[in-house]
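Next come two complexes built around chain A: one with chain B, the other with chain C.
Up next is the complex of A and B:
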């Protein structure tokens, strides 16, 4: 009986907010604290996923979906590929010195105090939300990106012409294209600097000799060639 | 300043049953932002620095979405409306582009120096 009353009294929006907020903040702190880069990547995935949950709770369902698809599904997979490509044993966990950690803790505490004070400085932001249902945002977002605003003006916004986002959309499109070309150019397979000498040495020498020559210094290679 | 901070957090916790306000989201954004800044400053692995950047951008996005939300808007507060969501979308796109280029640079550095320790990237030191 009392249990049923308690369940009815629980505000599930608030409950889910605290759950996702705790997950997002906890795993973000986990990213900072962890030394192992693979664990850091995992904690980052979980933190960004929980943030997508926060977006859904705020009524921004399209942004939440994009967060899951682009961030968690794309960017993080890219980062995990980077981790795997560079995960040689000495680099998996690079320790930070204790002095740096203490200094970072002090800086973090003061920055957090500053930001929290700013967050609570405006009285209107502290009032609980009225819980207005917004219209689904996907269609207004899409038309705003091609320059036509069909959404209602925001409450409290000054009246006037509201701009669409066609120009930023085009700029971002070209930006993404340039980034795609640039990333492919930067990450392309490089030609070796002296392919001929190594190939000649490898084809002449027997396997044991070859290993010594290719891993040895240039002078050893020259001496082997002279002999 | 810390005292005023604690004084502001206590009423927030006391009003937990009333529903979520914009300030709740701002606290989450502040924690994500601070974690990202510390991550960027402290990590010696270049990929850890990249993860810190992602956290910072995400903390900013939480704030944009909170200010844009009609659901969280309190009595008499202004709202960003759809503009906040559009900006959050652009931030996500630019973060993806930034991650791609930064990762390519990191892999190049790894190929040339055989390490991802940013402390070893001192070729330009005078």
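Up next is the complex of A and C:
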């Protein structure tokens, strides 16, 4: 299959690349220009999907599928929130003021200029890459992520020296978990506990009575009230 | 085929590749559309039989076998309605989004060894990722219809599909772990031989995982008893309340396409793919290496086998649909988060430990007596591909969480 792709490389690869790139850029502009939140989300999905297409075109199938699952699938949740929050008439359309547009334009243009300059300054990326079989990049990276450096075999080194990227990978995972737990903590429903009848009765009891109760329901009631 | 067209027929490469891509796309499209025709008819007949009726009997002579075609013509002739407050663009585009997601997932699905639209080395992951995108069309439809029933249905569907991707991903990871690759073709090839080689019978944990997968698959394609998005007793018709004619039928083609897809995926992951319960070809002395034509017919046989298994899965889904009552939304979430996910996680750990300590079965040579019989279409798969599986498993789990 790949041999055949090489035959048609000049035509198809370029053509599809331009097609997907155009789609990605066009829908990205659409996200900015649209004033309906749900449409913005749709354009974002299409733009990210076209980017996944670019990854598939480059032969990076795992990254392409990841792009679909994480970014496109994540935008799904964004879309749901957009629908939930803006289904009422006053929020359906979002207008951006002209000043914001100009400011955003300046920021975007300077970032683009910086990225272009950085991208073209890398010597290895200037060569025409077609027809060259580079080293398969994904597999060594994947194995390095689980702690095995197949690209740099540890010659004579004691075991455990070249441990790959397992530790950074796990640290990032734990960070993500912490962020998730934190988000869940911040977003949890802060329940105002309505005191039951017996607790109301207890709270209007004489102060001496209250003081004699050690921990139990009185402190819990206080904690509940403090919230 | 492309090489044949380019080298022997003499087509220019770009035309050859276009023809090949067109043929593959047309074949997949026909699997979905033709399958939908047959399955809708089967669904009517099965529903009728389960409810002690006859179902369609007249259209097309006996058994009403042309009923779906008649319905199709009726749908073509129906007026294409759009509600007044609807968001026109999104309303129009939503059915196609649903259908495209279903269609794209078929690209990576192998029908037999080498009978695959595009063989990806992350086939499982791709199929699961793309299958999750089908819900986009449903949400867009629900939002754009400007109807509260549609919106309710869409929101339910979103909650359900996003939740069920978690246990579904965990179930799918188990065969990936056993095979050591995410390539669907290789996964199926590793189960070649007698049915004892199927991952369903690999160990007790995979047996349980298969049933969790079935539950999650039914839920993720939005079929009864999990069809809350279109609960007709509560929401009129849910997300497709406002649709009519051909657009409506696109949703249904997507649904039947997805049903077939998850069934075929179950067949590939757990039921040996195109490798039959009995290695007929091997017993008859027909195996790979006897020439291109023989190979081709063997694969055709394998494709029939896979399609049979997938069809069986779809029929089981219909049987479930007309047997079990619909769950409430809280019951759906309970099933997912309190039962399917923990069970899948424990079974995943169990299958991992089994693979570590008892890789050859309980008693080697007794538990899986025919382990050495191979159809011989693919020699020594896996190998170097065995390594990248763990990061994928982790990634799926992380995405899911």
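One rule holds in what follows: the second predicted complex is superposed on the first by the 121 of 227 C-alpha atoms of A that agree within 3 Å, B and C clash if a C-alpha of one lies under 4 Å from a C-alpha of the other, contacts with A are read in each partner's own complex, and residues count from 1 in each chain.
Methods note: a residue touches a chain if its C-beta (ideal position, glycine included) is under 8 Å from a C-beta of that chain, and two chains touch if they have at least 3 such contacts.
From a predicted model like this one, the values you see are computed outputs, not experimental measurements.
Asks: Thinking of the overlay built on chain A, is A:180 touched by chain B (first), by chain C (second), by both, or by neither?
Replies: both
Asks: Examine A:112 and indicate which partner it touches, taking first as chain B and second as chain C; both and neither are also allowed.
Replies: A:112 sits against chain B, while chain C stays out of touch.
Asks: For A:47, select first, second, both or neither according to whether it touches chain B, chain C, the two together, or no partner.
Replies: first
Asks: Should A:79 be classified as contacting the first partner (chain B), the second (chain C), both, or neither?
Replies: both
Asks: Classify the contacts of A:145 with the two partner chains as first (chain B alone), second (chain C alone), both, or neither.
Replies: both
Asks: Looking at A:65 after the superposition, I want to know if it touches chain B, chain C, both of them or none. Which is it: first, second, both, neither?
Replies: Second partner only, chain C.
Asks: Any idea whether chain B or chain C touches more of chain A?
Replies: Between chain B and chain C, B touches the greater number of residues in chain A.
Asks: Overlap of the chain B and chain C footprints on chain A, residue-wise?
Replies: 11, 62, 66, 70, 76, 79, 83, 145, 176, 180
Asks: What residues of chain A sit close enough to touch chain C in their complex?
Replies: Its residues touching chain C are 1, 3-4, 7-8, 11-12, 36, 38-39, 42, 45, 61-62, 64-66, 68-70, 72-73, 76-77, 79-80, 83-84, 87, 138-139, 142-143, 145-146, 148, 150, 173, 176-177, 180.
Asks: For chain B, which residues are in contact with chain A within the complex?
Replies: Where chain B meets chain A, its residues are 1-2, 4-5, 8-9, 11-12, 15-39, 41-45, 47-48, 50-52, 54-55, 58, 61-62, 65-66, 68-83, 85-86, 88-90, 92-97, 99-101, 103-108, 110-111, 115-117.
Asks: Looking at the complex, which residues from chain A come into contact with chain B?
Replies: Answer in residue numbers: 11, 13-14, 17-18, 21, 24-25, 28-29, 31-32, 37, 40-41, 44, 47-48, 51, 54-55, 57-60, 62-63, 66-67, 70-71, 74-76, 78-79, 81-83, 85-86, 90-91, 94-96, 100-101, 104-105, 107-108, 111-120, 124-134, 137, 140-141, 144-145, 149, 151-157, 165, 168, 172, 175-176, 179-180, 182-184, 186-187, 190.
Asks: What residues of chain C sit close enough to touch chain A in their complex?
Replies: Contacts found on chain C: 2-3, 6, 13-14, 16-17, 87, 89-90, 93, 119-122, 125-126, 128-130, 132-133, 135-136, 139-140, 142-144, 151, 154-155, 158, 162, 165, 384, 387-388, 390-392, 394-395, 398-399, 401.
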